[in-house]
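Both complexes shown next keep subunit A, but they swap its partner, so subunit B is in the first and subunit C is in the second.
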Partner chain A sequence: MMKRPAFYLDTQICTGCKTCMVACKDKNDLDLGIRWRRVVEFTGGEWARFPDGTYAQNVFAYYISVSCNHCRDPICVQSCPTTAMQQDEYGVVSVDQDTCVGCRYCEWGCPYSSPQFDAKRGKMTKCDFCMDLLLEGGIPACVASCPTRALQFGELDELEEKYGSDMIIAPLPRSSLTEPCSIYGSHKNARPRETAAGFIANPEEVKDA
Partner chain B sequence: MTKTNQFLKEQAGETSVVWSSCNVNCGSRCPLRLHVQNGEVVRIDPENTGDDPSGTHEVRACLRGRGLRQWVYSRERLLKPLKRVGKRGEGRFAEISWDEALDHVAGELDRIINTYGNEAVYRMYGTGNLGGVVSSHLQVDRLMNILGGQLNFHNNYSNAQLTHAMQYTYGQSGTGNPISDLVNSRLAVFFGNNPAETRMSGGGTIRDLVVAKQQNDLRVIVIDPRYTDTAAGFADEWIPIRPGTDAALVSGLAYVLISESLVDLEFLARYSVGYDSSTMPSGVPTGSSYKDYIRGESADGIAKTPQWAAAVTGIPDWRIIQLAREIGTAKPVYIAQGWGPQRHANGEQTARAIAMLPILTGNVGIPGGNSGDREGKYEIDFPKIPVGENPVKTSIPCFLWTRAVANPTGFTRLNSGLLGRDRLATGIKFIWNVASNTLINQHSDINRTKQILADERQCETIVVIDTVMTPSARFADIVLPSTTAFEESDLCYQSYAMEVGFLLLRRQAIAPRGESRTLYDTCAELADRLGAGAAFTENRSHDDWVEHLYHQCRRVKPELPADYRAACETGLFKWAVPADYREPMRNFREDPQRFPLATPSGKIEIFSSRLAEMAQTWELQEGESISALPEYQPPAAGTEAQEQHSLPLMCVGHHYKQRTHSSYANNPWLTEAAPQTVWIHPWDAQERGVEHGDLVRIFNQHGSTAVQARVTPRIMPGVLSLPQGAWYLEGEGGVDRNGCINILTSQHPSPVAKGNPQHTNWVQLEKISGKA
Partner chain C sequence: MHSWSLVCFTLLTQCGIGLFGIGAVERWLGLNGDSANQLWPLITALALTGAGLVTALAHLSAPRLAPHAIRNLKSSWLSWEILLIQAFTGGLALLVFVVIFDMPALLLFVEVATILCAGAALAAMIKVYLLKTVPAWNTAATPLEFLGSTLLLGGSVSVLLHVVQSSIDPRLDVSLVAGSTGIGLGLVLKLLAVSSQSGGRGTGESDMWHAPAEQSLNPFQFLACRTGLFLLGVTMTLATAWPIGPAWMWAIVVLVCFSAAEVLGRARFYSSYNRVGL
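Presenting the complex of A and B:
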């Protein structure tokens, strides 16, 4: 078992196929509306029309698959009034189902929408890094599923050494908020975090139902 | 570890892991590992054999294969045989016993063969269950051939126009270099080619593209009306183009290539006919060569300048000039077309025109080059179920099946591409619709199809064999419930969208749901009732056939274990592309005398004498034309309708990650991940007061559909894209409520192939009040 498991996403080869999302739902039997992993499409660009009826444009798009970043400074844990939201010795953040009262404070705090509310049961749920598989020496369902091998996981230190730890790509929030432990590699189309050049093109697919 | 999510996991009995697969028509057939607990599949894992990127890497299923539990355990599963009780298409059925259902089907088959002959029986084109050898729809063909045959079809709904175009140009289709060959290219130009969304398995073309681009960071240009996921991830430049105008772009490019002496004259002289007067066939009037057409020295008198092409395509003239120089100077260039450009009313011409770029620049048959066809594949010739010979030789283009039902006496060789006869002898009276949604959903012009099927004097019997209640199944007279891949054992192997060879022995993982049966057992029971039981089964059960065909696979790959049980234990076997693999056009390029093409001249036919003859003899409708050269022809039928009905927008229907064609379209997990929306440019949306997420109505002379708007700069102004395959959901007055594009498409076929022009649709769009 590794010391501190972390996700790495090569956004350059993430095609937004959403296999990771569905593999996660299958592994964890998630009802509709509960999305432990979500894929954000960031799109932008302008069009111009010339007098001869032709066009020029600088359209761009890229995808970012986001789950829980199992942050160093997990705001969800801090905002939980019942201590149901916990971080274990591996840095993995999860919800103790017996203690959770479904107040949803963690959901409001998290800038990544990682905690997902199960309305049927009145409890909060979230990605636990497939800890059951990790302890068996396996790999998380989302990582194992990735058709292009864009989504990887590994020891946080090693990933940071290999890929760096900057997360400046739009539309991810400032890392200083929660000190996330995922690494998002850059895309040739990537825009800096503070940009007006693009927008989240699929809000209905990533926000809570 | 905390008590994390324990509530989700039933700590019940032992779990076994069983090999299965996803078997729909994306060209991949991904292996899966099913976790089975107490007789139920509780989890799906991807296959986990093979190193990366060795050529035998993991063939990881995409979201569609990973969501399969929602389909197998769907509430829409057909669990009992059904007999229609209302009017055809109303969707009212009564449950009946298998004996009753099979007696009825056998009786109808017998009656129709005796009354109208075997040519009145037709198995509908359909691809909802592909890859399983014994579970294949070919079982119906095997049964029918034993019973005296049935009407054949040719073509498919994927690439009819391209296939014909390549046959007239190269004498064969499937001439593409594999996409992994991009490691040898300096530039790639994709016309409507989008493996990120059409060939998205982790063992498929998209994976090969990722690896090739990582090894050789070559420049990639994508030409498409839509900024596809392939363009977003892999293109250095996207050139948006008006749908159906690729041939005009190519003509403009050819003008620059010719004017600036960037044409490979030596290649053209040695390998092709029809570029200029020096290689024209005899007896053809002067001014008929390709060069004459491009330079305006042919009958139309129009020089195909970049300015001319700009006005047609929407691409600025300066960009056309630059692109021509890029293509003309960066050898080798890999030019490939997807299947979207050709799925138009003028698709054959478009497909032939795109191939002109590698022909003009001599990029055909070399490493890193391509013929202009879609990327190639690696195939191992494993066996299929033997179907015997069909005594009936008559064959219709599959897209014209509604014409063969409604107007058989007007169905001829010269007006409908009929083969084997000059005119149909009978209409289609009995339809087998097996794992197919072509009966309603995937065929053009649903309202017209409904009308034709509603008349029970025309097609008298419709038998649907499927797993779920599809829009097509609602039009059945008898519905027979079928097992899914999870419920039967089979053999399955690689298909057209990949470069890994594999053989999978998939095992039955769970009991058949409800009273569903394997297709094999259904056909065997029918054969028995019609006195052909032993001839059909050869005294083998379904599982006996799997074992029998496994041993035939060993003739192809002798290293497979002799012990069938041991082979089943292993489950999955893989082969990398062999080192001596040769791209399809290499032999011709190296020695055209020894390896001539299958065209009449043995060379690449820029000018096709066969098409010239067809242009004289075939009966075409107004606005249609066939031409011997790869000329630009506006999609005439579409334009006429546009003017008549003031329809300003062209609506295409891209392939969507939510489903494969219409397979799995009812899967809620997939719909959540990728909802059905129509792509519309912000300018077109603004003009109509439409905002992202609004419910809109799209309509034309054929019908009307309601769907949510996806307002995005990723689509060209004036163009909509409504992803094909969403299930038709009838609302009031025949209005579709689910964004099914075939409510808007036309049954008018393309002129040469008689193929489906399902991207040539002029439409209007308006907002429906209220947020969806």
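Presenting the complex of A and C:
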């Protein structure tokens, strides 16, 4: 078992195929509307008119596959009144289903929509890094399914050493809020975090359950 | 987000805290010193806070697990809120007992402890909403709104109770000064809250932000409706002091106007939930 497992996403080669989403739902048998992993399509740009009457466009789009970032400073764990939301010795944040009261306060605070509410069971649910697979020496289902290998998985220290530690791009929030432990490699068209020059094109696929 | 249970919970408990606080001020200032005058505000505050706690259970998907909700006192303001409101409710129940059985030796001790619980519960309730990832709530407007609701609703109920008491027994020496002052201060805080709202939707383009809009009124309609209710409430408060006909009737209209304005405002508050990020 790794000391501190973490995800790495190379946004330059992520095609937004959503196989990771499907694999996650399949492996964890998630109900309709519950998405522990979501693929955000961030897009923008417009047509610009030149003095000679011609036009050119600066349209851009890129995809970010996001699940729980198992943050160093997880706002969900801090705010959960029951301690159902907990972080283990590996830094993996999970929900104790026997203690969760379904108040959804963790959902209010998380800027990544990671805790997802299961309305049928009245409980919060979330990515647990496929802990069962990790303990068997495997890798998370989303990583295993990625056809372009844009989504990777490894020891946090090693990933940070290789790719840097603060590569948060729009529409992700500033990392100082929760200190996420995922690393998002930059896309050539990536906009800086909290930019106004773009929007999420698929909000219905990203919103809370 | 199903916010109606939270609207009821926060308003009922804040009303209970306000009513108790105004009653405590009256006792200290020697206003409405008769024990019958003291008892009914305490019982009403207890009923309001108890009802608030019941509506809070409706917000939970698994109410039978509610006792777990005070387990994270280390870092969760929500745990503190629940614990302190329960302590405040317990303090009120004890205070009612002390007043009914006339135990002056215990009165001061229980009252001070309940006041501390009330203040701490209100502070915890405010802190729950000052989330760093929800800029729309993380402003000075939130504490001003909550404190304003506490004084406004507490004052309205206090005025109504005293007016009803004096209509039942005209020999009672009833003063509406503390209740009316609570209403006035509450309205001032509401005004300050409006002026201190940053309108913050984060730091970027609004389309980026998670915004489950459930507002049925546009901002202008909402403001006009709420201001109208506040103005009507103020007019009716004056009518209670110099009544044409039974004063209790005007006092009920005051409470209805301010409660409607507060329900509208609180529902809007929850609708304004808008966190940064995804």
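Note that the second predicted complex is superposed on the first by the 199 of 209 C-alpha atoms of A that agree within 3 Å, B and C clash if a C-alpha of one lies under 4 Å from a C-alpha of the other, contacts with A are read in each partner's own complex, and residues count from 1 in each chain.
Just so it is clear, a residue touches a chain if its C-beta (ideal position, glycine included) is under 8 Å from a C-beta of that chain, and two chains touch if they have at least 3 such contacts.
Fair warning: this is a prediction, and the values are worked out from it, not measured in the lab.
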item	value
Three-chain arrangement built on subunit A, subunit B and subunit C clash or fit	fit
Angular separation of subunit B and subunit C about subunit A, which is computed from CA centres of the superposed model and rounded to the nearest 10 °	130
First, second, both or neither for A:Gly102, with subunit B first and subunit C second	second
Which of subunit B and subunit C A:Tyr112 touches, first, second, both or neither	second
Subunit B versus subunit C as contact partner of A:Ile13, first or second or both or neither	first
Comparison of subunit B and subunit C by subunit A residues contacted	B
Minimum C-alpha spacing, chains overlaid - subunit B and subunit C, in Å	11
Contact residues of subunit A, present in both the subunit B and the subunit C interface	121
Parts of subunit A lying in touch with subunit B, wherever the complex brings them together	12-19, 21-23, 25-29, 32-33, 35, 39, 43-47, 49-50, 52-57, 59-63, 86, 88, 94-98, 121, 125, 128, 131-132, 135, 141, 144-149, 187, 189, 201, 203-205
Subunit C residues within the subunit A interface of the complex	1, 59-63, 65-66, 68-72, 75-79, 82, 128, 131-134, 202-205, 207-208, 210, 212, 273, 275-278
Subunit A residues within the subunit C interface of the complex	38, 40, 66, 75, 77-84, 99-105, 108-113, 121-123, 170-173, 177-178, 194-200, 206-208
Residues of subunit B that touch subunit A when the two form their complex	1-9, 43-46, 48, 52, 60-63, 66-67, 69, 196-197, 200-202, 204, 206-207, 210, 214, 227, 229-230, 232-233, 238, 240, 307, 310-311, 313-317, 657, 668-670, 672-675, 681-683, 692-693, 710, 712-714, 716-717
